[in-house]
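The structures come next, written out as structure tokens.
Two complexes come next, and they have one chain in common, subunit A, joined by subunit B in the first and subunit C in the second.
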Partner chain A sequence: MPRIVLTLVLNDPPYESARTSTAFRIVDAAIRRGHDVNVFAYEGAVSLAFARQSPHANAVHGRDVDGEDHPTTSNWVRELFELAREQSTKLDWVNCGLCTDERGTDEAVLGVRRGSPADLWSFVNASTNTLVIPTR
Partner chain B sequence: MAGYVFIASRDPWEGTEGLRVFELAGSLAETRDAVTVYLTENGAFAARADAGERVLSPLIKAGVNVLVDPFALQERGITHDRLVAGVIAAPIEQLVDLLAEGAPSLWF
Partner chain C sequence: MPHRMLQILTTAYRATLEEQDDPVLWLTHSLRNNGADVDVLLRSSAVNYIVRSQQASGLRIGDWLQSQPPDLAFEVGALMSKDCRVFALADDLAVRGIRRDEVLPGVGFVAKAELPALLRNYKHIWQW
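The block that comes next holds the complex of A and B.
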């Protein structure tokens, strides 16, 4: 039986929209189902995997960095790659190169690669299905 | 074949665009193929009993399979016993299964 490959196209930047966490939930569930997943991050979504994101303290709540335990999207991306390894599936994450250059977010977490819409074309042609999650 | 999948993430009361997509889903179900509407994020507000019937009951009557994300329900304090009749709470894995079947999908 051929492997199932799902491609997701993400557009939203981190910390802006519930669409980001829903997208991560879909990727997580697909990997746990044993499917291969491609992610094409476009526009602001290229910053999801920016390696220099760092958690912060919350003075209002009186918590230090460890107490606040603030999640970062780059850590979520790292964890998705770890999950894919554990599940013996493939996660292929491509950041749009021009979008990355515009935003100065070229330092991505391990596993994320730079590409172009041509990679999206390749993803779509090789996928069981493609889901585009648009911005508003 | 899983038919079409519409993923509704917007509060249906915030504009008419989402309502038009619900109409498209109903029309597809009546004339073309199986249709599933998956409510998530603020789209889950459509699932509230005594509020969402105007939007969802015509779809359900047309044969659309209407699912709602339990995560989105919980975030919004909507309990499972207060859903529009015919709406089924379905974890996001069920959406993934539909996508894995190759169902053409539209997120709105």
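The block that comes next holds the complex of A and C.
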């Protein structure tokens, strides 16, 4: 049986939409099932992997940094790369280079690479299917 | 009229797993903690925030497990404990099949036809 390769196109920036956590869950589930996954992060989604994100305390919740245990999407990206390594699958995450330049978010976590729509087209041609998760 | 404020929250579950809270409820808490006289009107999908049985734990990405999942009903209840009044649009509860015995006690129910009278009580009305 040929290997299943899925491509996801993400658009939403971090901390704005439930679509983001849903996208991460889809990638997580695909990797756990042994599928290879490509992610093309476009526009605001390039900030998902921005390495300088940091968790914070939350005065409203009355919790310090450790107690709040606030998630960062960049850490989720790291987790997905580690999961792919554990599952012996391939995760290829490309950030749209022009989009990172516009936002000054070119410091991505390890494993994320800079690319262009040409990479997206390569992903599509090599994939079993492609899912676009648009912003609104 | 004092600077009474009404936060109208229309979009539910916006990044709540990432933020471990709702951004507007969080801001309302923070404004209240800083002395604002602020109330909340939940409408559209946000009426679901007062359903007691909601539960959002279990998010897992790789080996990361969420230890502090959002608890929106708790946050709404905590606002009421700070003397914020919380209203829900009765029409939006009804169309979603949410019964009143399923929701937090203390929430005020308003019909669409009653909104003009409610809104007249506020100097600031922010719709999110």
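FYI, the second predicted complex is superposed on the first by the 136 of 136 C-alpha atoms of A that agree within 3 Å, B and C clash if a C-alpha of one lies under 4 Å from a C-alpha of the other, contacts with A are read in each partner's own complex, and residues count from 1 in each chain.
One rule holds in what follows: a residue touches a chain if its C-beta (ideal position, glycine included) is under 8 Å from a C-beta of that chain, and two chains touch if they have at least 3 such contacts.
What you see is a predicted model, and the numbers here were worked out from it, not measured in a lab.
Student: Could you say whether A:134 touches subunit B, subunit C, both of them, or neither, answering first, second, both or neither?
Tutor: After superposing on A, A:134 lies in contact with subunit B but is clear of subunit C.
Student: Considering only the touch criterion stated at the top, classify A:87 as touching first (subunit B), second (subunit C), both, or neither.
Tutor: neither
Student: Looking at the overlay, does A:122 come into contact with subunit B only (first), subunit C only (second), both, or neither?
Tutor: neither
Student: Regarding the shared-chain residue A:30, is it in contact with subunit B (first), subunit C (second), both, or neither?
Tutor: In the superposition, A:30 touches subunit B alone.
Student: Comparing subunit C with subunit B, which touches more residues belonging to subunit A?
Tutor: Of subunit B and subunit C, the partner in contact with more residues of subunit A is C.
Student: Figure out whether A:79 sits in contact with subunit B (first) or subunit C (second), or with both, or with neither.
Tutor: A:79: touches subunit C, not subunit B.
Student: Pick one for A:68: touches subunit B only (first), subunit C only (second), both, or neither.
Tutor: In the superposition, A:68 touches subunit C alone.
Student: Quick check on the superposed pair: does A:18 touch subunit B, subunit C, both, or neither? Answer first, second, both or neither.
Tutor: both
Student: What part of subunit A is shared between its subunit B contacts and its subunit C contacts?
Tutor: Overlap of subunit B and subunit C footprints on subunit A: residues 18, 25.
Student: Using the touch definition from the top, list the residues of subunit B that touch subunit A in their complex.
Tutor: 7, 9, 40-42, 69, 71, 91-93, 95-97, 99-105, 107-108
Student: Looking at the complex, which residues from subunit A come into contact with subunit B?
Tutor: 4, 6, 18-19, 22, 25-26, 29-30, 32-33, 35, 128-134
Student: In their shared complex, at which residues does subunit C touch subunit A?
Tutor: Contact set of subunit C toward subunit A: 13-21, 23, 26, 29-30, 33, 59-64, 66-68.
Student: Taking the complex as given, what residues does subunit A use to touch subunit C?
Tutor: Touching subunit C: residues 14-18, 20-21, 24-25, 28, 58-61, 63, 67-71, 73, 75-76, 78-80, 82-83 of subunit A.
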